[in-house]
Each structure stands twice: as C-alpha cells, then as structure tokens.
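Encoded as structure tokens, the structure appears first; notes follow it.
Naming follows writing order (A, B, C, D and E), and every chain is counted from residue 1.
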Amino acid sequence: MEIFALFDCIITPACLISQTAGGLKIGMLLFLVASGLTLVFGVLGVINFAHGALYMLGAYFSWQVMSITGHFGLAVISGAIGVGIFGLIFERLLINKVYNSDLLVQILLCYSVILILDDLVMIIWGDEFLSGIGVPEVFQVPPLFIFDAIIPPFHIAIIVISMIVALLLWIIMTKTKFGKLVRATAVNPRMLEALGINTNVIKAGVFMLGSFLAGLGGALAASLGSVVSGMGNSIIIESFIVTVIGGMGSISGAFLASIIIGMARSFGAVAMPLFTDGIMFLIMVLVLVMKPEGLMGKKK
Amino acid sequence: MDLLETKSINAFYGNSQVLFEMNLNIKKNNIIALLGRNGAGKSSTFKAITGLINVKSGSIKLKGEELIKQSTSKRALAGIGYVPEDRQVFPEHTVEENIELGKKKNLNGIDNWPIDKIWETFPILVKLKNRLAGQLSGGEQQMLSIARTLVGNPEILLLDEPSEGLAPIIVEDIAKILENLKKLGVTILLAEQNMHFCMEVAKEAIIIDKGKAVWTGSLNDLQKDTKTRDKYLAI
Amino acid sequence: MKKINKYSRRKFLKTTSAVAAAITINSGFPAILRADNNIKIGVPTILSGRVAQLGISVSNALKMAVNNFNNAGGLDGRNIELIIRDSRAKPDEAARVCRNFINSDKVDAIINAEASGASFAVQEVVRESGTLCLHTVSETSRLTADPSIRTWNAFRFSRQGIHDAVGSASYAATVIKEKGLKTWMSVNPDYAYGRDSDDTFFWALEKFAPGFKILGKGWPKIFQPDYTEVITQIAREKPDAIYTSLWGGDLVSFIDQAALYGIFKNTQLFAINLADYTTMSAVKNLPEGLHSATRYVAAWPNTESNRNYDKSYTDLYGDHPTNWSWEASVGIDYLISAIKEIGSTDNKKIAEYMKGKQKESFMGVGEGNTVKIRESDQTIVDYSIGWGTTVQQDPYMNNIQAANWSTIEALENEWLTDKGWL
Amino acid sequence: MLKISGISKSFGGIKATDNVSIELKPNSINALIGPNGAGKTTIFNLITGKISVDDGEIFIGNNNITNLKETEITHIGIARAFQITNIFSTLSVKESIKMALLAKIHGLNNMWDRFSSHSVNEEANNIAELTGLKKVYNTISSELSHGDQKLLDIALALALKPKVLLLDEPTAGMGPEERWEMIKRIKELWQKTKMTVLFIEHDMDIVFDIAQTIFVLQQGSVIAKGTPKEIKKNQDVIKAYLGGGKK
Amino acid sequence: MGFLKKDNFERDAFIGLIVWIFLLIFYFVIPSPGIHDIIQKVFILGLFAMSLNILIGYLGLVAFGHATFFAAGAYTLGLFLQSSIVNNLGSLSIPAAIISAIFISTVLAAFIGAICIRLKDIYFSFLTLAFQMLIYSIILALVSITGGDQGLMGGFPKPPFLGIDLGKPFDFYAFTIFISIITIVLLRQLIESPFGYGLRMIRDNPDRPAALGFNNQRHKLIAFIIAGSIAGLAGSLQALLDVGAYPEWAFWAKSAEPLFMILLGGMHSFLGPLMGAFIFEILNDFVTANTRYYGLVLGLVILSFVLGLRRGLLDWLLIKFYRK
C-alpha cells in the first residue's frame, strides 16, 4: 500500500483534479446503470441480476445502429430505447411471474437470462469483441488542461450527460405524475389499486425505465471501449455494490454511492493499485455490517 | 335498483373465512351505518367489495354491473371509493400529491369533484397542501384520505371507522364533513363501532356480526331496540 | 462509415462460420460408444465467453492441418480425429475434460489450448497419466521454465514471456537511443501474465539500456471496461514511453480511451500484443507509430511460406490467423511429422523424437527457416519475434526488426539463474 | 399468579399502555377486552418480553420477569398463542408439538438422536389428545383447517407447560359453530390443566360465558375490571363501546 | 436386522455402505473412467450443494457466498500438501490435510457466519457475497502464497496412507465416494435430529421460536458453520482430484453452481441437491460435447425449471409418485 503516493496526489492540484475528474466519470457511468437497478428493486422488490446483461445489450444495439447509420447520437439513444423495449418484453414475459417469489427463484430466473443473452449476442454478433462506437467527432479534440490536470472533453460530456440523466430522473420521480405513481407503488401498491390505478402498468413502466438506463450506460460504455459478450458481468457486481452502499431502492443513495465507488477506484489506483476491487468489497462489507439499510436507505 | 348490492359473499383471509353469505343492499344518496363489534367483519366487508381480499363465491353489483371478476383498480374505476380504516395515505407524498394520485373522472367522464371543490370542502387541508402526508395528525390524515377518494368521483364511498383513534373534537369535524357530503348527495357506507357518532350522520343502519348481516333498519329504531343492541353491539 | 459496413459484413461471415463450427464440434455422447482405430487428439480449449476467439482460431488451425493429413491418406489409412471440448475457461473443467480425453476417449495426445491457469491444471493431469501433451497457448514462462512444473511428456509450442520480454527490450533499447526516451510507465493486466510481462520487460530493459526511470505502474483488472484511473495517472506523469501487455478487447479499450487524453502525441506506446489482426482492426482511429511485437502478421517473417500459410488459412476461414493459430499449427505439424516418422503413436517414442528436433516452419528464423524444440526444457525456440511500428492498413506493420535469438537465449539463461531455475 | 403493576409503554411519544395493573389469581380464567387499538396485544407483548417495558413491573409468582429476554420468560412459565395463527407450516401436528416440547427442555440442541424416535412422543400424544388434534396428528400444518391451526397454536403453547397461558383472540376468523367448539375446548383445557389463563376476545357472548374476571382496556388504560355481571353494568364500559369516545 | 425398519442412524449407515459397495462393483462392471469421473464429481459437488442446502432448503437463508468455504478447503489442502509438513508427517499427510482443510473452513465459517446471520433476507445474501468477493480479492492479491490468478501451481504429492494410494484411479474413486457417503449419512443424522427440525422451524416461522423459549441465532450460526465445514471438505476433495486450487473457486459464479444444483434436484428432499449435482454434471458433459453454447442451454434448462416445473426434479417426483 502506497499511502505516500496517495498523500502526494492529494496535495498536488494536477493529480487531485485529474483523479477526481476521472473518479467522477467512472462514478457517473456507474450511476446510470446502478440507478436502474435500484429503481427496479425499490418499486418491484426484484433483484434484477440480469441488469448487467441489459447493459451489454445496450452496447450491442448501439453498435448495430452505429454500423448502419454512422450517427453517434442516434446510436446511443436507440441503444437505450431498444433496451427499454426489450426490458418491457422481458418484464411482461418473465419478471412479472416472479414478483412474489422467493429471492432464490428471482435470482435463478435472472441468472438464466444472463446465460442465455451472453450466448445469444455471440450467435448474432459473433464471438469476437466488437470495436465499440467510438467518440463523436466533435470530441476528437485535444484535451483540456486545468491546473496541469488533463481532462478530455468527452469525459466532461459524459459527466454532464449523466448528471442531466440524474436530474431528469429526479424530476421524473418528484415532479411528474408517473414519478409520483411510481413512488406510491413502491410504498403501497394495494391502496393505489383501490384508487383506480393499474399498478401492473406502473411496474412495467418502471422496469422499462430501469432497462433504458442500463441500455444508456451500455451504449455510452461502447463509445469508450470494446463491446463483448459477458461485458455486463463486471458492471453488475459494481452496480450491486453501489446499490447496497447507497441503500436498496434509493436513487439519491445510488448517486452518492456511485461517486464514492468512482473515487475509491480512482484514488485506490494510486494508493493500492493491486487491491482496488478489494477496497470496494471492503466498503460494502463495512456498510452492511454497520448500516445494513445503506447510507441513504430507510430502516424497515 | 340498489346502487350497491352484494349477494352471498364468502370471503377469506388465507384459509380463514371472514364473511359468511354476506348480503347488503345500498340505495343511492344516503349515508348508511355499518355497525358491529370489533372483529365482526366490517373491514372485511369493505375489502371484499374493493377486491382486496379473496372472495370465493357470491356477487357484487354496482349499478347492476357485476364486479366480482374485476381487479381492484377496475372496481375503483367503476365507482367504488374506499377509505381504509388506517387511512393509508402515502406518507412521503405531499397532501396535494396524495390528492393528485386519486384524481380521476367517473365512468361517464364527468368530474363532480374538481380540486377547488375539495379545498372548499376540506378547508383544513388548504394550508397543509405542501406538507408531507406522513407528518399530518390522525384527523388530518383522515380528511386527506377521504378527499383523495372523493376526487376520484366514486359512486359510493366506503368509509371504514373514520372516528377511530381520534380526539373527540376532531371526530366532530369529521362528522360535519360527512353531513356536508350527505348534502352534496354522496352515497356513503360508514363502518363504525361508535354508534353515537353514527347517530349524528346516518339514518339507516346495518348490523353485522360474525361475518354476516344480521339486522337492517333505522337508527332511531335501533336506539330504542335495547335487545338488539345488547345482542350485537353492547357488552 | 464505409469501414464499419465492411467490417460488419466480415462479422457476419464469421458468425455464420462460428455457428457452423458450433454444429460441427461434435464428439458425440456418450464417448464410450465410439471405438475405431483413428488417431485421436484431444483439445481442451475455450470456445465460449469473451475469449472464445482463442479456441476458435486454434481449432481452425488444427483442422486445417489435420484435413491435409487425412486427405493425404493419413497414417496407413488411420485418420487423425480431433476432439475439441470447451472448458469455459475453468481450470477444474479443463482438468475434467482432459481426464475424459485420456480415460474415455483414449486419446493419443493432448493439444492444450488453455490459458495459463487452466494450463497448469492440464499439466497436472498429464503428469499423472503420462499422456503426450503439447501446450500451444499459455505464454507464462513458468509453465516450462520452472523445473518443478515440467514433465517429460509435455512440450511447449507457445511463445514464452521471457523470450518476448528480451525481444521487446532489445527493440525498445534501439528506440530509446534514437529518440532519447528516459521515463517509463507501464500498464499491465492485473494477473500473472501481466505481472510477469512487466517484471521481465523492465528486467531485460535494464540490461540493454540502463538508466531509465519508472514513473509509475497501472494494474487494471482483466476485462475492465474503464481505464480512466490508469490513464489519468499517465496523462499527469507524461512519461516518454509506456509498456503494456494488455491484449484483445482490453487493449482496444485502453488505446481508445487513452487517445482521448492525447497521450500518444508525445509518448511512445510499446504494446506487445497490438499487432494482431483482430485487435488492429478494432481500434478506432489507430494512432500512427505505436510499437508492437508481431503476434502474427502475414508480413513477418517476410517469406513465401508465411504468406502461403496466411493465404490458405484466410481462404478457408475468411479471417486471418491469430498468434494462437500459428502456435497450434507448428505444434500439430511437429506431432504429425513425428507420427509419420515413427509410424505409430507411441508416446515415449514421440517424446524422444521431439526433444531437440529442428524443423522447417513458416515461423522459423533458425538456420534454414527452422524452429527448434529445445531439449533442456522441451520448449520451442527460434520462432519469429519481430517488432515494428503499426500502420492503419494492411500490412499493418512497418519497419519490422527481428529479435536476435542468441541474445534472447543468453539473457534467458541469466534470468533463469536469477530465479534459481537453472 | 401473574401480577402486572403499573406498566407503561410508549411508541414514539404515543402511550400504548398507560399505568396498567392486572393481577390474576392462580388457576383462574380471565378475559382482556377493549376496542380496537386499546393496547391489548401490546400488553401481551410486554408480558412475554417481545417488547420492553418503559415503566412498571411484571411478576410470575415471586419471579420478577420485567424486561427479561423472551426466551427466558418462556422458560419461567409464560406461553402464548397468537392472534394471527403462528405455526410451522411444513411440519406435521405431531412434529410441531414435539418441537415445542423439546424447546422447553433445550432438546433442540441435540444432534445425536433421531427426532422421529425421540422420547417426548408420549407427551406429544397427550397434548394432541387434550387439544383434540389426535385426528389430524400426522397432517402437515399448512393443510389443517383454520380451527385446527388455531388449536395447534394453542397446543404449542401448552407444550411449554406454562404457569400462565395467554391466548390472543382464539376464535378470530371462525364460523359460529367452530367458535363454540373452540371455547368448549379451551374451557376443558383450563379445567384439566389448572393453568392461569388470560385471553383477548371480541365475542362478548364468549367472554361472558367463560371468563371469571374481565379487564376492560381503553386507550391503553384499564377502565374497569370485575366479574361479567359487574362489567355488564359498568357505565364507563358501555360508553367506551357505544358512546363517542372520552366525551 | 430389526434396525432396518426404523428411521435411525444404523439404517442410514447400512444403506450408505450398500450404496458404496454397489458403486465399487459398478466400477468394475462399467470400466469407463469417464463415467467414474462423473460419479466422483457428482459426489464432490453433491456435498457442496447439500451443505448449501442446509442453509437454503432447511433454514431458508439464501447464502450467496458459499464457494468461500469450498475455496478455503481447497487452498488449505493444497498449501498443506505443498508445504514441508508433508515430509514430517509422511503417510499421515493426506488425512491431516483434509482435517486441516475442514478446520480452516470451519473457523472461517464461524467468523463470517457470526457477522452475517445478524442480517436478514437480501441483506444476509449480499453480505455473504461481499465477504466472498473480498476473500477472492485477497486470494488474487496474495500471489506469493496462493499463486494469484493461476492458482496453486506445480501439483503436490499424495503420499499413500493405510494402503490407499490416491494416485490410483480406483483408490481415489473408492476413497472420495466413501468420505462423501459418510458425510451424507452424518448430514442425514443432523437433518433428522431435533437440531435439524429446529432449522425447519426457523425457516417456517422465524418469529415463533422465541415464544417457545428457543435461541434462533445460535442455531443459525451452528448450521452456518456446519455448512461451511462440509463445503470445505468438498473443496478439499476437489483439490485432491485436480491436484491444485484455483481462484475461480472463490468467485461468485462458483457460488451459483450449487444454487443451480439445488434448483435442478430439489431443495425440499434430502438427496435433491445430490440429484441436482448429477443432472448438472450430465448436462455439463453432454452439452459441452455437443455445442459451445453451454450457457444458452443451461439457461433454458434453468428457465424451464423455474417457470415450468417450479421445483427440483426429486421434489417433483416425490410429490407425484409418493406423497400425492
């Protein structure tokens, strides 16, 4: 462990800023995925293990649209929307059958979907990794220098996009009728039914929104790297860490936890480069032991 | 034709039966008291009508239309308005949002309860508009719960023990509101243990005991009929 | 955009052939019911998941050689039968598959196309059974360099980390001289291969061009989607050069992400695994002038036989061979010629035959274009290791310089002595 | 036998029970009645140690059991059956009763004997006979009728050989005939076992039929206690049940 | 032979012995090492799945990090046999290695269990998962001891003991199955003892036991520790078979395997997980021999069990033909 390296970094503006910006970008991409996961859990009570597979689908969908149209924005949006629609079908066909089942049944159902999707994308798009969709041309410019710290404009764009998504999500959840219905469904679906609202529709909508967020995360990830079967498996574990740390079902908790994990990765790479994953799991253990409901979760 | 008619309802919680061949006939524009001791089956009757518990056999008709196969939300859309005993407001929504969630037109597309009329009817809620419902007092929550159901333009209001656990002065306020609603022509089925409270607002009463309707008549008669009262209501 | 379209068509071709391959990989069940006098070769490999390409390119290379052998009449009418099984990258599964090959299928030899972890598991199985085994994928030196792991019946046909390291360092030393590179960083995947690669490269570089300074090291996880935390460090330290042993999709992601920071403008990247057809074509806007070793390219060695090899492979499979393909090809060539020479599949005789055997090969750079199985550690040497700079189009590499095998072996001995393995 | 003196308990500032005192004579059968939300079940929870007491003391005989652990209180001699049937759904009647018997003698830590051949068989049989569950002795609990499930819940409590037995609405959710069946059974049990019984019940016919002493609870306080006759006449009680609250 | 009629330990031990002898005869009747290999692995993985089923099936706790103990057993055995202790112990090495593997996994289970059982439901599951991944990270980081991602390399000696040479296929087969059967018989005793019924009681109704004067938490912890120690034994047998130990065994995907087996075989019958292990292995062998889309096939099979059969095969068979 190189505590001094960490200390050096914190007192050097260049290091502090670039690692912070890097951590923020990691965290914000993670938030996109984790927010969908925590939303689905909070409202439907389902641990959607297949959320990572939806993220992967987002990457593949956007790759496909990119290769046909060559338009970055269109690729990302249609990747996200495509996964949203896929999520809706998934919810109607499978997930709604296990709303009231044991945790074990939910997990196994989702896990089987991961196994199936991982192989299906290989059958459809081939075994090799695909090259990703790249960064749009406007962002193929020299990076910015802030106090000697280098920050690529595209990262700023990603942070901004994710922040906007977070803000929109906040607005949807607090200001729109749909959001109010969603929050009410999470608390007391039966009362809502008695008020004449078909909560099945709300649930399907929530799952669709959650899938959309996973797809968006996957599509943006495809701009920064290769697209490959099984790419959802590492993001799903990180998303769970975020969800648990933030409090299961809490979107603001997921936001906070995403930043914590982003920073843990970014500064962990300076201090304990060989144990960055271990740091995340350690945080998760500590949170579960000290405050099982998570940083922003509510006690049952 | 009766507004609401239930016939031979047998209802269950899990495998324990709570309603036995329950029959009710409710006419329009009226407040009817549903009396009975604790555990007699008043709440279960309401839950059976709204579809919140499992009804194995029987018939529930609203304006002649059979509801027994319908989901809870469909029944609500058909005109069943339910105000549960424990109010069940959404604690993390504001008062205004709670009301917004209940907002719907009746089946004919008519809105008898625009929001302004709600504020008029429940003046106490006006200044609480932006307060979280979870922070309201019991009486305020009760008002909110009633208001939330009313904006949905129900044909009938199932009101479960609105006076329960409330201070007497608040109970009075609620009674006043019910009087007011009666004047506006709302049909209310009012479940109560507290006969005294019913006397103020209702004329007709149905007594249920052990999951069955056992007596129907006017409250005035009941007041005089000590035998029935002792048998089903008193100790 | 045209490029992407072309690319996706190629993908489609590959997909179809992959599906076809999936259907044809069929050793049947239960295995005990099949009995004939074929020469059987078991191939444990990875055919599923994100490194499926490894198993597929090995299978392709093996099938190409075996078909040629069988079409030429086999060995007195006995054909070679390949039994290829997916271990899904699990060591215990690889061991189980091998035990099955040996016990149920009664294979005559195993061509091990597993990555490092599972290769050690396979090694233990064949150590117990005495079955002939040809390692063709794992690049970890220890598999053959550590005498306690060696066994008489296992041979290495895959390139070796220490050879690559020396070759890389000697090339890097020439670039250092030319461009005056002083400061270095490294980015290596956080697993045994990456750590070994980092270790041996800088160890060898110290011998060729002492006096450089290491500013820092990044250790991303394998398959990590996001390299930001590593790249920000590089961007800050501004080293003159970076060494990396990332490979495949990970290398693609790293280069794409690092390019956003404009890192390759002033920093030389030495990416040992870049010059691989799949990897090269997947990098978006490949920066000019990155350095890479020749994993496998048709352009190097610059010989007729190598170009022929590339052509016949490409004609068959619609895709270039990979590094793993050539390793498997050389391995099976050795095995086939041993069988022909000896006239049987006796494992002891074949092992004897292979030890010290020099053989002409399209990858050979020894005398008369030969490769050699070194007797002391039963490991391939004299295979082609070249370094050069990458370019966007075919032939993908320029100014390739060959590594010198006498230097490699001299330093390898020094390294083995350091480790206490000699 | 059971003596509760001045216990209070608040939840978030609201007094669920306020200075409640109840004393039960040995071998007596007593009822606790009151409107919904009066705090009846809370008192049971306080007695059994499921929730802690803020103020006041509880004794069984001479044992002060105030704020002991639930398991300890059970071993000292209080057992309860629950309002919402609280049984082990996949175990048979026989198995369930044996479990309760074994729990009483700390026999569940035993890993070396077979449960099926364990020595408490005879006792379990007796309890089944006593509660009339013999006819469904080997039936899985989840498949029992509602009444039998209630009886099993009581049988589980009986197996603990309690000094004081608490029954929370033993007839809830039953048809009229089933109710009387159950009440007959409880009366019989009480007569045979000589336990002290305290039960919560809504059905006044039942209460007046079997209770020797009745405690009436309203808004967390005991407003009356006495024999059925006394209670029937008590003005406060009539008001609590018929009148408009504390007017 | 009166003891055979009753449900007792002697009967189970006798049946176990018969099964063992039957499988030994089977070895010679069907001399296919491939099938022997499958049988060995079914028992090893069966032990792993049955140990997890103590928690899932009998206690109702979805433990998600059970492979932790499997890996702990495997690494302990491997490191023990690679160390110089073997020289001193000689022929005693293998029994000593297995015992220490069980011991270390027991200690680890006691530590992790004591922390985890305080949580409920999903929080319990996630904490076990977090511990597992933490230990996985540690195994990867401690390269000098564990060999990092490549696992324990270079094999280890298997000195013969009591005339048993585990280097010989028959000896290994007989030994592995013998140890497994003994463990299964003991496990059966545990499950059918009052203690075991206490587990079912907690599963059915976690609130009631306290009102029966019974300590829930202690019971849970003991079950967790026993489950961990049996998983450790299974891991040590697997390490003996593969002459190594690998970090994959501590990865979360390894914990999913026994879950599949429990699902496939059935969680409500004692031998369900063993049957699940059998289905899992046959499926594995058959599918990987015929297609490389193993995940697709396994996924569809699991899906059909989850949504179609809705229970494991043995559970289903018992309901259909036995209990009605």
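Heads up, the rule we're going with is that contacts are C-beta pairs under 8 Å (C-beta built on N, C-alpha and C of every residue); 3 or more make two chains touch, one makes a residue touch a chain.
These numbers come from a predicted model, not from an experiment.
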Tell me, which chains sit next to both subunit A and subunit B? none
Which chain's mean C-alpha position is the greatest distance from subunit A's? D
Chain pair, A-C or B-D, that carries the greater number of C-beta contacts: A-C
CA centroid of subunit B to CA centroid of subunit E, Å: 57
What whole-number Å value describes the gap between the mean CA coordinates of subunit D and subunit E? 43
How many angstrom lie between the CA centroids of subunit A and subunit E, rounded to a whole number? 34
How many angstrom between the C-alpha centroids of subunit C and subunit B? 77
Residue numbers in subunit A touching two or more further chains are 118-119, 122-123, 274, 277
Among the residues of subunit E, which ones contact at least 2 other chains? 293-295
If you look at subunit C, which of its residues touch at least two other chains? 48, 52, 190
Every chain pair meeting the touch definition is listed as A-B, A-C, A-E, B-D, C-E, D-E
In the complex of these two chains, what residues of subunit A are touching subunit C? 14-15, 18-19, 21-23, 25-26, 29, 66-67, 70, 118-119, 122-132, 134-135, 139-140, 142-143, 148-150, 152, 154-155, 221, 224-226, 228-231, 234-235, 265-266, 268-270, 273-274, 276-277
In the complex, go through subunit E and note every residue touching subunit D. 6-9, 189-190, 192-198, 200-201, 203-205, 207-215, 219
Mind pulling up the subunit A residues that touch subunit E in the complex? 47, 94, 97-98, 102-105, 107-109, 111-116, 118-120, 122-123, 237, 240-241, 244, 248, 274-275, 277-278, 281-282, 284-285, 288-289, 292-293
Subunit B residues touching subunit A - in the complex, by the definition given at the top: 50-52, 71-73, 76-77, 82, 84, 88, 90-93, 97, 100-102, 104, 148-149, 152
Note: in the complex, subunit D contacts subunit B through residues 33, 35-37, 85, 145-146, 149, 169, 172-176, 179, 202-204, 231-232, 237-238, 241-247
